[in-house]
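In order of appearance the chains are A, B, C and D, and numbering begins at 1 in each one.
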Amino acid sequence: MKSTNVYYQDYLQLQHILNSQHPESFKDGNKPAHDEMLFIVIHQAYELWFKQILFEVNSAVDIMSQENINDNTPQLQTVVHRLNRVITILKVLVHQIDVMETMTPMDFLEFRDMLRPASGFQSWQFKTLEARLGLQFEERHGKEYYTSQLKQPEVATIKHAEHEKSLLYVVNKWLERMPYFNNTSNWEDFETEARDVHIHPYWSTYRSRYANSLAEAERNNLTIFNEIFIEGKHDGQLTATAKRAALFIMLYRGYPILHLPFELLNNLLEIDEQMSTWRYRHMNMVHRMIGTRIGTGGSTGKDYLKAALDKHYIFKEIAQLTSFLIERSRLPVLPDSLIHHLSFNA
Amino acid sequence: MKSTNVYYQDYLQLQHILNSQHPESFKDGNKPAHDEMLFIVIHQAYELWFKQILFEVNSAVDIMSQENINDNTPQLQTVVHRLNRVITILKVLVHQIDVMETMTPMDFLEFRDMLRPASGFQSWQFKTLEARLGLQFEERHGKEYYTSQLKQPEVATIKHAEHEKSLLYVVNKWLERMPYFNNTSNWEDFETEARDVHIHPYWSTYRSRYANSLAEAERNNLTIFNEIFIEGKHDGQLTATAKRAALFIMLYRGYPILHLPFELLNNLLEIDEQMSTWRYRHMNMVHRMIGTRIGTGGSTGKDYLKAALDKHYIFKEIAQLTSFLIERSRLPVLPDSLIHHLSFNA
Amino acid sequence: MKSTNVYYQDYLQLQHILNSQHPESFKDGNKPAHDEMLFIVIHQAYELWFKQILFEVNSAVDIMSQENINDNTPQLQTVVHRLNRVITILKVLVHQIDVMETMTPMDFLEFRDMLRPASGFQSWQFKTLEARLGLQFEERHGKEYYTSQLKQPEVATIKHAEHEKSLLYVVNKWLERMPYFNNTSNWEDFETEARDVHIHPYWSTYRSRYANSLAEAERNNLTIFNEIFIEGKHDGQLTATAKRAALFIMLYRGYPILHLPFELLNNLLEIDEQMSTWRYRHMNMVHRMIGTRIGTGGSTGKDYLKAALDKHYIFKEIAQLTSFLIERSRLPVLPDSLIHHLSFNA
Amino acid sequence: MKSTNVYYQDYLQLQHILNSQHPESFKDGNKPAHDEMLFIVIHQAYELWFKQILFEVNSAVDIMSQENINDNTPQLQTVVHRLNRVITILKVLVHQIDVMETMTPMDFLEFRDMLRPASGFQSWQFKTLEARLGLQFEERHGKEYYTSQLKQPEVATIKHAEHEKSLLYVVNKWLERMPYFNNTSNWEDFETEARDVHIHPYWSTYRSRYANSLAEAERNNLTIFNEIFIEGKHDGQLTATAKRAALFIMLYRGYPILHLPFELLNNLLEIDEQMSTWRYRHMNMVHRMIGTRIGTGGSTGKDYLKAALDKHYIFKEIAQLTSFLIERSRLPVLPDSLIHHLSFNA
């Protein structure tokens, strides 16, 4: 047990935090550009929050990496709770763009040239975050770009993150482990429609109901359904098995044991949406700030951001599942023996 | 002077406002879908606010339509203030998407089929708003689409709005009227650089300074500068004359008489940004709700919204000017005789 | 199944929604006050949303009113989800105050006198909402005030709501039904500390741990603990039994079956917080608008709102429980037989 | 001109910013409390932003401290713009409370005891900010409290700030310098009502119109009007002369030269409102976190925050002026000779 007193300034190490702002334009021989201070502080605030988000995401990956997550422990609650926190922080980061927008283009031009080639693209924490969530090197826009822009230790950090198990990776493993389909005793009483020996009776039945729910113009969706869930043609970081499990969770979230898994999937989508909104507003802000001129990093920021915006959806394979839902009232009824496993003890 | 008492319920006509929610799924023979009430209420809230925005935009157009706006009256202040209000409302409308997102895809599927072919695309108020701001029929994504979706009186309303003077139209006229360049006596003392008989000494000078400010990779911007400001090659709804006036306002906003004009231009950009953010979040929401399935209006909402997102920037010609700013410290010094006209009486 | 087509304008009854704005100042003989339109539209938007909130709260009360809520059905999820929606809407309503604040005091004075004695205090929907959540007549600030301000049918509506079962009432009943303590077989293996024949071994143990956690200056909290949880001295709308159940839920939320109950309690606190934030910002806005002058309703709005702010915390008995938590690591360990009932089937 | 390259990590000094988080509970012999990291990061983010706000407020004070602010320079625009930035930052700080609220009371209890007596009350930057804006030592809640809590150098910093010219101080001087009333030639054509030899004809006239605008229940306001504007009975940090100038600015903001002064006054009120909203949400958050238990600083945080909330309105003398406005249509007409000085050159 600690015995010494803790003091606010020391505890927060404010001597470091508050003495790390040294605008280039304030240095000898330059003309001080008032707004450079804001430019520094807001980027530092972003980096502080990136550190916190990484801390939360790492802890979520750690928990999800276990061979077996016991639904009777608070582990999944903890993961959902921490991802919720990540979402809350991301919303603040989106909001922070309002502050950046109080800097006008002409105010920025006053110090832009002094900063070259420093650039927000050099945030290794942000790239590490993308990697930890599940963005793979091959999916990155401007793959080689960051390696040329960053110093060696930072490239190494990102590369390391890309080779570790990502959140998406462990989510896939966790989905694949979902036990309900393999145990045939769960399904003895299931009323199968559209029997198909090659696939599980549940999925032949569901496919049939899905087909019936399609409007004329949506007919093509059935082919895609088969490709995704049966043939595994579109396997990316999620396998067909994992996608079926995720769809099942979405469909039967009303059963107690599937409630938290559904929240988890939903949080992943929300993280993507907030990051995409951040990129979108960031892109607009950059466009408003420099137009078609060149950012400090040597590219027209807008183009990079727009491309990243379209490509960097990390959980798109989960988002895609929405297209394959049907109305709740038409869901296949689950057999009692399975329901037992989705429920609380009496 | 009124003598009778006013009563809250009657004043707000709540008997109409609160009795206009009749979910299709609540009708005889249907299965009530709880979330349809939300679907109705939120769309009604949007339409109420669209009415208010139109009211403000119309009043702004009316004021700006005058032959002459006296800078010594509060007229321009009023326009800026009302456009600020429009921006504030748009931010609430963006926020409201959070409420829509509390409806899950499966909840939506419960009543989607009953609504066909009603669709948000049929909001004639929103289309009228776009037209009043300055979106022209030819620039619309899916031009013919709305005429086929709407009833005749509503098409007529939008067509009418498209033929009236829009906010962008009257802003162009107002910019073109800016008096400072035509009066040669304002410029007698001006120190001209890079004299060019074909263009005003101020702009030959500014062009020279702009050219000097360009980084290597930005050289091409000079050609575009000439095309936009001198040759008028890119004249859209703003003429080269108006664009020069707008750029001048941005550059010299520090002078008292240009402060409000600058705020006005800035508000137009902010309106575009908020509307674009709204479309962006709306698009993501629709994607999350129906994926690649078909919306009630018979199209995959996301595709329409994405195309509109990219095409419906109404004030893009103003946004573009940012690319042609230079640092404040390198601005050409204005002659005293001109400064006099930009200043308050002693 | 419906066969007719639905049309957006008709579906949303826009002919009613959009034709219900008739500013007093626009009427014959008056001088039009531009901002009165905003005043009407924003109040209508508030009333639309109050209707939606009431719809959600009523549905939550209906579900919670059942004799028995089966944890193995989605009922509790539905309640939590709908209260989440209420919170999301309340956040938009707080944000909407930004729009009202674009009206300046002088703009308001232009039409204030024409509105007397109409006033926001006459919103029967808001008062009904407070009653449905659990605010009792005796706890209201300005009890008799609203009956004198409202017409008879509206008073009757609110009175009716006050006599129905409120959300707080059904939550109390639901908490009182929590089965774990009554069944002695659950507790056979429990390691009791500080045995006290008058109270359940769990609570004698917890009280002892709580006492040990108190800092010197907090000693008095033990007396309050006894009064609230044991002696029932502070019974308000929640009984001591219900409060113990709520505290137990907070403490052991990590067990699966207590997760949703915890979310439910948390949502109630969040509703109170958002409503209080709304009152707070509303109060500031009114103060900024009219200062110490008299509102249209005949009182200085700020005083009423400030008093209501302090008194109208509806779920304060739940909020209070926070004072009686201890660290997770010091929680009494639950016996296996009880844990079985808090868990999923194997 | 600089020649060396700037690198993002170095420019932002991320080696300091990102290595200054050392949770007590992570130290040897303690049990790591996951949420302590958030606790540190969020307080660091607050302190970063406080530094930025102080930077902006100091620059505003510097500009306003000049003997004479030339309305024909961008100085006042700059002040208004920077205070707008302060407001935008404060809104983010309010929003950040959402992040803190993702920490539950039990999570906080896990490390609370290790932090004593460190406390947010020890933020010398926040207290310095209050002082720079204009909060005087005598007006502080818990005057002596902070001197006992802080180390000597920090107390000295705050004391120093309290003895410097505050923003409110320089605003008062600036208002007192408003030239229009002293020059009798401005008023020769003014139509005086209710002549009173002791006061300026404008104010006798305005007082008469104000008296006529009062509702029965507002009669007492006339006495207060006299006390504030004529007798100077309520002189605090603003003198009667300054208050009359501020009221004049509010009333005639439609004239060009008064537009920015009005924006300035409005920004001061908005700063107060945002700081008060921050205190309010902070107070609620603390209450939800520790209830009636004792914070790390040794007091029940809620009580301090509530008292500060009510007392620390810094610009209340300006807020108060709202009570003394009248409708625009009843404003005394200004004489042409004065209007000339409020207008742009022809």
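By our rule, a residue touches a chain if its C-beta (ideal position, glycine included) is under 8 Å from a C-beta of that chain, and two chains touch if they have at least 3 such contacts.
Values in this document were obtained by computation on a predicted structure and should not be read as measured data.
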Which of A-D and C-D has more C-beta pairs touching across its chains: A-D
Per Cα centroids, the chain farthest from chain B: C
Angle of the C-alpha superposing rotation, chain B to chain D, to the nearest 5 degrees: 180
Chain centre separation (chain C, chain D; CA means) in Å: 32
Separation of chain A from chain D, taking each centre as the mean of its C-alpha atoms, in whole Å: 39
Residues within chain B bordering two or more other chains: none
Chain B partner contacts - residues on chain C that touch it in the complex: 2, 5-9, 11-14, 16-22, 24, 27, 30, 34, 37-38, 40-45, 47-49, 51-52, 55, 59, 81, 84-85, 88-89, 91-92, 95-96, 98-99, 102, 114-120, 122-125, 151, 154
Residues of chain B that touch chain A when the two form their complex: 31, 105-107, 109-110, 213, 215, 217-218, 221, 224, 250-251, 269, 273, 276-277, 280-281, 284, 287-294, 298, 319-329
Complex contact set, residues of chain D against chain B: 71-74, 77, 253-257, 259-260, 339-345
